[in-house]
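Structure incoming, see below.
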């Protein structure tokens, strides 16, 4: 069975590159396809609740488009999980943002998770997701590197900042695994993990977009679907 | 000082009546004004996460309009608190939906709160708000009367259903106060409270829209403003 | 409707001044009255559980006196909420100490609250109140300035100490709003808030006595009464 | 070393009998003495927060008396733990009420504890103690037999009611051990335990006064004293 | 890359059948291999903590054997996760029992999970796993069908009992997804899910062994390894 | 009644000395006997989950031996509580490891407990026990002195390290009592407590083995037995 995953870019900025798509899909089965689409109405990046609100309606449009195209699963490519609950109500295929699948992989490998994200504005948003998921007992900190989403191209600077904050997460907050808290942190997890290991900390560093598409592939292969008690279909009016 | 509170109707249905406005504002200071505006783009009612997403952008437009009109505070007239966090980032005046202020009044009067809302679809939404606010230790149940928002006009039927579910909340779940979980439940709290008292349960039944405008009036009088650490202004891009 | 709020000074020390009364009532409706009475049997200040026990019986006497005088609500003027639960059982009008209303205002404006109180002895007391209210998920620290209640007159010294501890609460503990943890901290919230803002932290600093009388005014206007399931009347014996 | 434990009866009712003293002290070392004293100012029984407030000052007087008499530990003979925290500040010997030691014994024998107490008024009080101790994860219910403290002499009726509520606690709430939630439930634990066993539930039923004096004996033998960070001595004024 | 997963049968009973192996591996990539080995020292089934202790040393021996054989991941085929933490310390490849991966799949599809297991003895064990993982906020009940592991062959009887308990989990406890709480419940999840759907409950029913091998395949493909802060290598002595 | 407590040394190392036995039993009733036996199959010390698994079967053998010898209670002499739950199922007399009884004594004397153990490997193990017992609200840190169990003989070095970490627990984490997190820390609690007092911190420092045998003596005297709902007897197969 060949799986098609809709990869929805939930921002209007020119953020998509072939390298990014390759990176995200790196561990998928060879015949699984990532079908990337970008919203047209919204903000260039998502860095606060305000951005989420403006991007969410067009995300839902693309979710429906994905379902109509015969996709088996939908990835809303953002760590903040914008419109994820609404999308699960709206379409009849599984949906993930970046937060939840990243947590699941981390929690299978470590007791306490440190999240390192981009900017301060996002921290309360992610803490809200942690609380809503009842994961406060597992997430020991949400830190940020203070680099806006649209400035994440400088690979060296981003890695250095992530290592710095990850070390604080480990030493000050007790983190035992790191979840990179923004799906635009491409191709850095490996270098951060290696740098932490060289400091004596051999722990997993999880990139959320890879986590998401891998778990969506699993859900699609297993024909899993969201609970219709948790996510009832939107009522007709 | 005369206070102006923007009362945003976050749905497109014909739900606003003079009686409703009078009821909501019943306990406000005589010189406090409620300025009611309704969104133009969205769904007729909000009964799931999908509805919230579609209504939220236009809610934010009205929040800004309220701030520009010189309002002192904003009430997003829905128990689900749609776009409340985004609005707090976006405008420089305090903002409430119905959930939070209803909880604050209930928690000052009782240890354990039962929420009784409209339809099943809303239950996981409200439970999500409870978890996000870390109020699981205080809210003992979220029940519903199974009546859609747009059918709430039948006063007798609504009261009977609310009494039935409130009694279950008290007897089976240990509720000690009832929060009516939809801001369209107008003019029923008093009758529900009286009916419960006649059954031997003398407990407060809190109507959320009244709770919200009363607490917004307090915030406005005290010149309170949301924390800019929790709610940073949306970054310029 | 004109509201009368009994303001019970639950200590025997000479702590009441006209300035304090004016400050507490600053934001009340013009026709709301604060009727201040002080206990006669107890300790000069409340700084530990031992003090609370000795002051509580006379607090209850004044609660009853307030009800008999036709008051609409009772404020037990102490952040530790001494005898609040007993008073709610005893009288048929709403009752607040300083802790709960301060929490409600803070939680409407920020996710994580830092409490800054007077002396170390009070910290476990306040932490007990936090636990009892199930607010551990919202209160990130209880710090103290190490100044006894009866030495709080030195305005400059108190403000400087509060700013110092508030900055630690923000930077080390993640506080996003500050609750002043003693109702004798008069006329300092504004200066603390301004000082924090000048350091880049634009967050609310809530004075508890003002919070209490404002929320009692709301409860009185709305004819709210404590739940008689949570607070049953003392049984006749 | 011979231990002296002050047994403070924190109510004014004629509740003390030689049988009760013998029952409480049944498992103590032969040379441990129970020195029973009763308060003079207070209420006949403690069945609500109001009663606790009125009895607490005289409890403290007897605590001091106990310390001055050379007692090694103090038992405040009430499940509600009235004045326990204040007493720990006030005297320099260990202090227990009934709630905490009963919990410790139960938690060593079972995962989930059901508390069965006297009257409804006490339930929120005990639930407050549970929350304050952070034992919500271990206590699955607080039920009551609806028999006032001063009517507990009818042994058969009390046992029957305790068995009935304990069975509900087991079957409906998942209780795996029962803590009798009033220290005036004398000589019934054994019969309740036997009755539950005859129904197929072989679980411990813990009497709180026995639990308390046994653990105080342990504390006294080990020369343990309350933490002076948690319980600072009352400040001189 | 071809993945090899060691499937450790942690009991000595004759429970392995070709159908079971086929069922577990049903959704794996075609070139992934399941290498099944069974312990030699232990108990016929695992139904309590005592059984876990007796089976665990030989489980560890097989884990090491799996690693030495070049396996990429290890599945300890039991919902109780026996020896999982020890195995993660001991070998340098990822390890899962049934509990954790089942939770991860369920939590991606529903808010509240009901677990339905075999016998009463296992319930406190699973509740312990839930608490240890800090998943109390997500798991709403642990129920059992009261059928011993070694009697699970009667397909019809098992399905009927699972449907009965799942309906109680949904209706009485609020379950929104069902996790089958024993890895010997083979080939029943589909029938249980269909039966629940026919009753109006369209929710996922997750079989834990399938969940485990699918997530181990993901971990192996992504080269993930347990955190060496959480799971340090056993110290040399 | 003379009590016999089986003291099971759950490791194979030459750790038992007459001084250790005398120290552990120091506060027991004169006629209570400690019957010490050591396992024969296992690891020299328990410092990780792997060690626990290897030692546990022989611990169970000795538990049974203890019961057969007519012992009244069993102490599994390790802070990690290895095989404690299994032993409670297996034998019909009460069982403690070091963790639980240490917690009970600490929680009766202080609100927040700091645990100071031997090596880093044990920290996640103890944190797991804390979570499983639902004591997260009471335990504020698990720290370690970084000294392996088998190097604990150097009294001065051990005391100095314990004081250093206890001071961090107090100052950085808010500990109000210290639980020594390894039952091989013999004869040091008194010195640590004295050193902390000399620094201004008058708090209890609890040695776990003493705590365990004292509480087992209480359980034996009171004829208490584990709940057979929590700990059902191992099923016959």
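Chains here go by letter, A, B, C, D, E and F, matching the order in which they are written, and residues are numbered from 1 within each.
Everything below uses one rule, namely that a residue touches a chain if its C-beta (ideal position, glycine included) is under 8 Å from a C-beta of that chain, and two chains touch if they have at least 3 such contacts.
Since we're looking at a predicted model, the values are computed, not measured.
Chains making contact with chain E as well as with chain F: A, D.
Averaging Cα atoms per chain gives one point for each, and the point farthest from that of chain C is the centre of E.
Relative to the C-alpha centre of chain A, the farthest chain centre belongs to D.
When the C-beta pairs in contact are tallied for D-E and for D-F, the bigger tally goes to D-F. Look at where the CA atoms of chain B average out and do the same for chain E: the two points lie 43 Å apart. Per-chain CA centroids place chain A at a distance of 26 Å from chain E. One inter-chain figure worth recording: chain A and chain B are separated by 31 Å, centre to centre, where each centre is the mean of the chain's CA atoms. Annotation: 51 Å between the Cα-based centres of chain C and chain E.
The residues of chain D that reach two or more other chains are 111, 124, 128, 131, 133-134, 136-137, 176, 229-230, listed in rising order. Every pair of chains meeting the contact definition is listed here: A-B, A-C, A-E, A-F, B-C, B-D, B-E, C-D, C-F, D-E, D-F, E-F. Those residues of chain C that touch chain F in the shared complex are 124, 127-128, 131, 136. Taken in their complex, chain A has these residues touching chain B: 13, 43-45, 47-54, 56-57, 59-60, 83, 85-86, 88-90, 119-121, 124-125, 128, 131-134, 136, 148, 150, 229-232, 234-235, 237.
If you check the complex, the residues on chain E that touch chain A are 27, 29, 94, 96, 100-101, 104-105, 107-112, 133-138, 170, 176-177, 201-204, 206, 210, 214-215, 218-219, 221-222, 224-230. Contact residues of chain A toward chain F in the complex are 111, 137, 176.
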